[in-house]
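Structure provided below as structure tokens; questions to follow.
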Amino acid sequence: GGTSTTPEGSTPPAEGGSEASDVKIGILIPGSPTDGGFSQQGAEAGKKLEENYGYEVATVEAGTADVIKSEAETMAAEGYKIVFGHGGQCSAPFAEICEDYPDTWFVTFGGTEIRDNLFPVCMCAEEGTYVLGVAAGMMTQTDNIAFTLGGDYPAYTKTTMGFALGAKSVNPDLKIQEAVLSSPDSNECYETTMNQIKSGADFILSNSNEGQAGAMKAVGESENVYTFGCLGNFFDMAPGKVLGNIIGDYNVGYDEATKAIMEGTAEAEIMYLTIANGCVSVEWNSDIPLPEDVQAAVDQAYEDIKSGKIDVPNEYEQDAAKEQLASYN
Amino acid sequence: MKEKLTGLLQSIWKPLVAVFFAVICSWLLLTAFGYPANEAFVSLWDATFGNLRVFGNTLNKACPLLFTGIAVAIGNRGSVFNIGAEGQFIMGCTAATWVGITFTYMPGILLMILMVLAGALAGAAWAFIPGLLKTKFSISEIITTIMFNYIALQLVGYLVRNPMRDLSQAEPQSYTIAEQGFMPYLIAKTKLHPGFLFGCIAAVVIFILLFKTYFGYEVRAVGYNSTAAKYGGINVSRTMISTMLISGALAGMGGAFEVAGSAHYLYEKISNGYGYTAIAVAILANNNPIGVILSSLLFGFLASGSTAMQRNIGVSSSFADIVQGIIIIFVAVAAVSRVKKKRTAPARPGKKPVLKEAKQ
Amino acid sequence: MDLSSFLAATIRMAIPLLIAALGLVVSERAGLINIGVEGTMLTGAFAAFAVAYYTNNYWLGMLAGMLAGCFMTLIFAVASIRFRAPQVVIGCAINMLGSGFTAVLFRKMFFDAQTGGTQVTPFPPIQIPGLSSIPFIGEVFFQHNIIVYIGFILVPAIWFLMNRTSIGTRIIAVGEHPKAADSLGINVFTTRYAATLFSGLLMGMAGAYLAIAQSNTFQVDMTGGKGYIAMAVVVLGKWKPGGVLLGALIFGGSNALQMTLQNAGLNIPNNLILMVPYIVTVLAVLAACKKKAVDASAKGVAYEKA
Amino acid sequence: MNVVEMHGICKYFGNFCANKNIEFTLKQGEVHALLGENGAGKSTLMNILYGLYAHDEGHILINGEEVHMSSPSVAIQHGIGMVHQHFMLIPQLTVTQNIFLGMDKETGIVHHIKELDKKVQELNDRFGFNVNPQSLIWQIPVGVQQKVEILKVLMRQAKILILDEPTAVLTPNEVEELFTSIRMLADSGYSIILITHKMSEVMTYADRVTVMRLGEVIGSVNVKDTTEEELAHMMVGRDVHLERQIEPKEAGRPLLEIDHLRVKNDKGLPAVDGISFAVHAGEIVGIAGVDGNGQLELGEAIVGGRKIEDGDIRLDGESVTKANIRRHLDLGLAHIPDDRLTKGLVLQFPIKQNLIMGTQRKAPFAHGLMADNHAITKHGAEMVEAFDIRPHDPEYLAGGLSGGNQQKVILAREVSRDPKVMLAIQPTRGLDIGAIEFVRSKLVEERAKDKAVLLISTDLDEILSLSDRILVMHGGRVMGEVSPDVDVSILGLMMAGKSQEDLKAEQHAAAGGGVQG
């Protein structure tokens, strides 16, 4: 059975008489709005805001700190109410300029900087991948699982780390292969995944945006190898091979943050989006029923995370995560 | 004087006409893609000249292109085709950052100077190996500099994740440089740092070096005809390597200004492909350092304009790439039509010949 | 990972470089320096993807990719042959155009696609009957998609074209001594156009391979520098098809090595491992520089008839 | 019967008129020489006939029928073949591939190499050539390359042959051979146009001669009705003096000394193989020899542009064996390179900047790092006057000058440096008689100023008319030293590889043959 969250039909919060259509919101995404992953989710969340509230949302590709800074500044100067930075790379640049524009709220997805009008939203996708890791750890026939990352950034590493920790928690001796792609490139991901499969891995996770298509292709071409979808619905991409997806709903993040700001309740602190508050979820493929013991274990892990019994290290706790992982060896 | 002025005009009007045609092409394309082209151009204009702040922004965006553009231009003059300005820029950023986070006790001015010097040195060092491979083993610098760009990128990736990593940040980035090393903003309410100004000075210095000194004479002689230069007693290898070093140093300096003036810390994507765009910048200026000032402004204008078009109209920022490509093709074709005329018109008896060295 | 799958991966990664480099061999020996490979491949990749997506036919996609590559080299050819504009400059512009056009079009045409990207049915792997079941050899050579085989066949084919046909001698002639070719009634312009357009077909094919054979989707800037590497491969291969094959395999191999090293869990920072292919390329070019090359001597020089 | 008739041909390059109202006819079976100074428009006219250049006015009749020569293929169809002044061979292709280049109708798209090689061999046999069809062009000597050019034309079954300065790079014996073949061809019905600067060749081998000057035809005459003097006068419009111009003179101290020098060529083979000689103040030493016998490498070694394997070179007593070119120039070496376009000039620079190449760092042209444009311009203006470089404009680009004026720029530059040793390599190659006269007189002037002049040339006339002593080079060695009044046939033998000792021994043997036998 699937559990996924969709934003409830919300009404625009009223604020000081201003018309919704006057409210301008900016979103800075690091990559292509069509990357089938991280950036695209940011762009789509923007569209949702536009549809749901009638705000004017501008989405701009801003990859480097220099562009992020000047673009955010321009938006703030032009009276944008909120400037979202989609990714932790916006954190430091926003911190430099936010004090000059106190009327604008700056929100980053990921990142560490907190100011009066700047706070990060943290999508705890790692909670979901932990659950996937439990399934992989129990089901692997070769005691060998693998993952690829689209780059060595916390947004990527925390998810794969969660996956590894989940797997080790049920199968401490299994072997984990990991590889960082030089770019989120589907061909490179395909080859890397193939390499991992040929080296014995039978459960694969790839968190690499566009690259994931390559992993799916590699899994689809191999026998007795399974994979998971990361941040999206991937069941159709390798039919019969994708056991489950983790869904991290950025829409909820954008929605919550926007609502809080427009209602004047926003606080300058990290806003966590977790399983507990319904922003992160795991969706299992009904075509591939899990063995009963596995189903029981993953459900248990899910509940334990929700209740706080299991604490999956988030992006600010990666050093601790590394130690924890090392402790299994 | 009058002659010089007409010469200057002559060298400017062709690129202008070419840019004009490129604008028309872009307008047609925008319309074809279904965007409101007029609005797009208005927002392009507003994003650059709308107010002082955005203008400062444009100058800042032009700054790295100015340095890397001069770097490529001087290389082209000396027939070392430096596609490695990208890597040299990145290495300049790296060295400047290292200085900025290491010598934190230094007074600001000294630290800034040291950062720029370190950037120049690192850029030169990164250009040295391709230069050496070209002169000693005649390995095409086109290949090696591209490879060195990738290597530099990975090197920075390594540094910001390991030895230089700022542990307080989740993202892989270096520590922020000492605050006194931040370059001052020149105009209040803008983030205009002195980089562009120094870039203009660098352009003038390199212009003088190229056209008013014996060293420049040698660089150009080697660039035009290295065999004749060799028999004229010029040490071709040394001249080429010097050209490469100067080129690398300029690109590295650009990196230092980017760190000290704008970014203040090092991270993987610090160069927005400046080294590659620089090739177009240099070509548009016909490899004249002074002309690079103008062409880098044009590309800075396109860069800030492209995000504005995306913000206001939703035109993909990649559209700027198309416009740049079109401009380059038009300018290149226009420039050649000029050179051709000069070559094939031999002296008419009784008339003053018009053959002059192409300086612009 | 065992050796056979390492080699198979090497081959898969070498193929796009090989095909593009073979195209470059032809156009460079005809006297043209086209550094616009990257943009040309990218255009090929996009066209192949888009057509394969809408027609659901990868062969049509491949054809479209090749024609699109051809179109990009046509721009290059007109500017540099007809208008005699500097070739390196036009190449730069082609890269920008390719990257810009594909990104803009992709976003315009496929933005609302489902999360996880838009897929097409790619060229399926073909198990060559009999051969594919040979141990080791079978996995290395005979379980690839058809474009891989075509890439291999192209090596002797291009060699034959260049060395054993009048077309090849014409191409070499216009690259080496265009005036001599002209004096024998060979149309230098036509020959150069043909060589360039042919190289565009191959570059487009290499791009299409990336999108609809090795992978099944298009990504913005998905060539990721492979065009530049292909240029290095041509230098490595000394402008000969056989050498180019070797060069492509060296680069493909060093990429496969890089992946194997990462997966082996060695405690080396990833970024340092990711440098391996580029360092290997520099070293390989250095090692190969002693041998005499056959590069065209009128390269980069536009021909002008009196 | 006239196989070719050209009427009222005009050709403009920009505003420059290279051919003006040309009338030219070629009769069946004749050898027709085309004579004229450099730049007279000979090659241009022939390129028009061959369809390489489009003419602006006039018309062409081939075998009485008007033909529009739009491209060489048209010319080839009409049985015209041309051997160009500058070789038109592709170095990386084989002899066979070069010969069949562009002959798709005959070869088909796919080459059956064995068959094609056989066809070349047949042609070889028919015309008594001996060229290996499988050799790569860059591997064979120029003499053989020349034959490949002719085979190329014959393979296309041309009946009208245009030979543009075919003997410029050949040895006397090869010239002899070539003309035997040409005569044979003419006798069997081929019609031949022969462009040359060499009066002796015209007088000996041609039937008729057309003289051109400044783009116009001065006249056509039968060779047996004219004299060398008359032709020379028609050519330049005045009398010329190319005869020996130097008076005997006492030589001074040795300024250039070469000691057991060994140098390799580009292919890594020995090019200069243990040569020793000296050039003294106030003398001109000529080095004679056929192209490709190590003279170029010798010259490059003397300027410091080529690695010296073994031996020693001294300039005014100072060893420069390991020194770079700069040091050579500083020690007083002047150098007129064999190829002015690649080694001598930066074509994109104006005259004035070419004139300071090598002294660009010295006063008055530079103060510290800064170049002194004023001084450079002033020097340029002076030199342009003194050497009559046309146009008289120091700002004019070197690339726009005619060959003779380009050579004058180099000469002006080298002489104005006030050197001790002047190394002149092929200083008059490709120049017209007026320019040749000028260059030679400058060399003689240098001799008079007590400089040591080393003249390396393949032009025997030049060597004979200028040198105090002559060294003959063959295969990287000196075959011997002779004086300028030597019998030319002996010189020829030495150039072909007979050493002086051998010759003496033979003479001796011939004289004392009776005793021996």
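A, B, C and D are the chain letters, set down in written order, and residue numbers restart from 1 in every chain.
Note that in this section a contact is a pair of C-beta atoms (placed from the backbone, for glycine too) under 8 Å apart; a residue touches a chain by one contact, two chains touch by 3 or more.
Note that the coordinates shown come from a computational prediction; the quantities given were computed from them, not determined experimentally.
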Note, CA centroid farthest from chain A's centroid sits on chain D
Looking at chain pairs C-D and A-C, which one is connected by more C-beta pairs in contact? A-C
Go ahead and note the Å separation of the Cα centroids belonging to chain C and chain D. 45
Cα-centroid distance, chain A relative to chain B, in whole angstrom: 37
Using mean C-alpha positions as chain centres, tell me how far chain B is from chain C in Å, no decimals. 29
Which chain B residues touch at least two other chains? 154, 157, 161, 316
Which chain C residues sit where two or more other chains touch them? 103, 107, 220, 270-271, 274
Identify all positions of chain A at which a residue touches two or more other chains, and write them in rising order. 152, 182
Determine which chains touch and list them pairwise. A-B, A-C, B-C, B-D, C-D
Residues of chain C touching chain D in their complex? 164-167, 169-170, 172-173, 176-177, 179-187, 294, 306
Chain B touches which residues of chain D in the complex? 13-16, 303, 305, 324-326, 328-330, 335, 337, 342-350, 353, 356-358, 360-361, 365-366, 369-371, 373, 391, 393, 395-397, 399-400
Counting only contacts in the complex, chain B reaches chain A at residues 47, 53-54, 57, 60-61, 154, 157, 161, 168-173, 176, 191, 258, 262-265, 267, 269-272, 303-304, 307-308, 310-312, 314, 316-317
Tell me, which parts of chain C touch chain A in their complex? 1-2, 5-6, 9, 12-13, 103, 106-107, 110-111, 113-119, 122, 125, 210, 214-217, 219-220, 222, 224, 255-256, 259-260, 262-263, 265, 270-271, 274
In the complex formed with chain C, which residues of chain B make contact? 33-34, 81, 133, 137-140, 142-144, 146-148, 150-151, 154-155, 157-158, 161-162, 276, 279-280, 283, 315-316, 318-326, 328-329, 332-333, 335-337, 340
